[in-house]
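Only one structure is covered here, and it is reproduced in the block below.
Per-chain residue numbering starts at 1, and chain names A, B, C and D are given in the order in which the chains are listed.
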Amino acid sequence: MSVRLTGHPLSVSAAMRALSGRGLGGVVLFAGRVRPDLGPSGPVVALVYEIHEMPALRRLRELEGAARRRFGAERVVLWHRFGRLKVGEVSAIVGAACAHRAQAFAATRYLIEELKASVPIWKTERARPSRRPRPRPSRRVGRSAG
Amino acid sequence: MSVRLTGHPLSVSAAMRALSGRGLGGVVLFAGRVRPDLGPSGPVVALVYEIHEMPALRRLRELEGAARRRFGAERVVLWHRFGRLKVGEVSAIVGAACAHRAQAFAATRYLIEELKASVPIWKTERARPSRRPRPRPSRRVGRSAG
Amino acid sequence: MARESVTVLLFGPARQATGTGELAWPVSLGGIPAQTLLRELARRFPRLAPTLRVSRFVRNGRYLARLSTRLRPGDEFAVHPPYGGG
Amino acid sequence: MARESVTVLLFGPARQATGTGELAWPVSLGGIPAQTLLRELARRFPRLAPTLRVSRFVRNGRYLARLSTRLRPGDEFAVHPPYGGG
């Protein structure tokens, strides 16, 4: 089982290793990447992710347990990055390894929907690299890297 | 778009790169791995995958097109390995990158189900490393590496 | 050690509306109900008011069930606007 | 160049049943219907017969629509038992 909140880049090959185990024939991974949406102040060039660490970790661990009970997931990855991410960077990797693929698809879909709805993570758009000083970010996890 | 039949190991990080593109926020990957099932002659230690290359490539390209039309998938990975694979090795990587995650899940699920049902690929169980000479495998793609 | 203030954490839109991620909010030693602190925050940061109406609140890492709960000096009180991870 | 045989490719269970992945099957210059070749194969390899009943057939890379299609010297004829990739 693997829950991780980090300021560093996320690796899908590391996620695959975390999802390894004998008898786990089906692995499904979801990776979220920063999209160049058009924000109110122009095209988005980056997102700043903030996380409230303690309640986020508690909720992620609950989701791990739910994926195991409801879908028979034997390995789970729930990784999220915080700080400033440029367009194209991976913000989250969510995945499940199960004996069979139908369970792995269902578990991974469940995990990403629940992560979005119920884990205290926020993203703020950056329309262009800002030169002026930004407001002091929230402490705990989630300070902007840029 | 990416269709590949290979005798070499498959890399999920290479698959992620193949699924990159501006505006593609949702990436879903399925990886199939050799499971240590119990076969008729004992626990499976390896599988030998054979592929009939020409009709397999043609069908995979049809599936690429279908994923684009039906699910708006802008990048598709349909990779399969042939030859002798040990338990735990990745036999296939199937994935789709779309603007939104619901499409990416639906496309990836569609692709793996269709790959299993309609692409000329076969697996044969090996209960233990065999010392005796094996039957000459089919030519084209799919010769056993072991 | 209890200080004579509540640490208020502001995330996402709440941080944007106030220009800060963290405030030390003075309270009396006996503390104040969460709803009182929210009223004071909305008065000081008018742009924050709409966000507060759609937020959940977390005291010392646990979701707050009732806004009548008293916040005491040294408590951490977090404003959680709707989540947007992934 | 046309040889006086059809190249028969045998995959998966068909290869296991025959012990080979490829056969050069002699045919007359005018060729033979696919169903005749299948009957001859089943006679030569009795263990192959059950697999042939659940297989699809591919001539020169294209699925065969009718078993009456003639196979001619130089053709490639593949036996496709049910697929099992992934």
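As a convention for this text, a residue touches a chain if its C-beta (ideal position, glycine included) is under 8 Å from a C-beta of that chain, and two chains touch if they have at least 3 such contacts.
Keep in mind the model is a prediction, meaning the values are calculated, not measured.
Listed by label, the chains that touch chain B and also chain C are A. Work out the mean CA point of chain A and of chain D, and you get 51 Å between them.
In this assembly, the C-alpha centroid of chain A lies 25 Å from the C-alpha centroid of chain C. Averaged C-alpha coordinates put the centre of chain C at 75 Å from the centre of chain D. Multi-chain contact residues, meaning those touching two or more other chains, occur in chain B at positions 32, 101, 112.
Counting partners per residue, chain D has 86 as the residues that reach two or more other chains.
Every pair of chains in contact is given here: A-B, A-C, B-D.
Interface residues of chain D facing chain B in the complex, by the touch rule stated above, are 9-13, 15-16, 18-22, 58, 61-63, 78, 80-81, 83-86. Within the complex, the chain A residues that touch chain C are 32, 49-52, 54-55, 58, 80, 91-92, 94, 112, 115-124, 135-140, 142. Chain contact summary for the complex, chain A toward chain B: residues 11-13, 15-16, 20, 22-36, 87-88, 90, 99, 101, 104-105, 108-109, 112.
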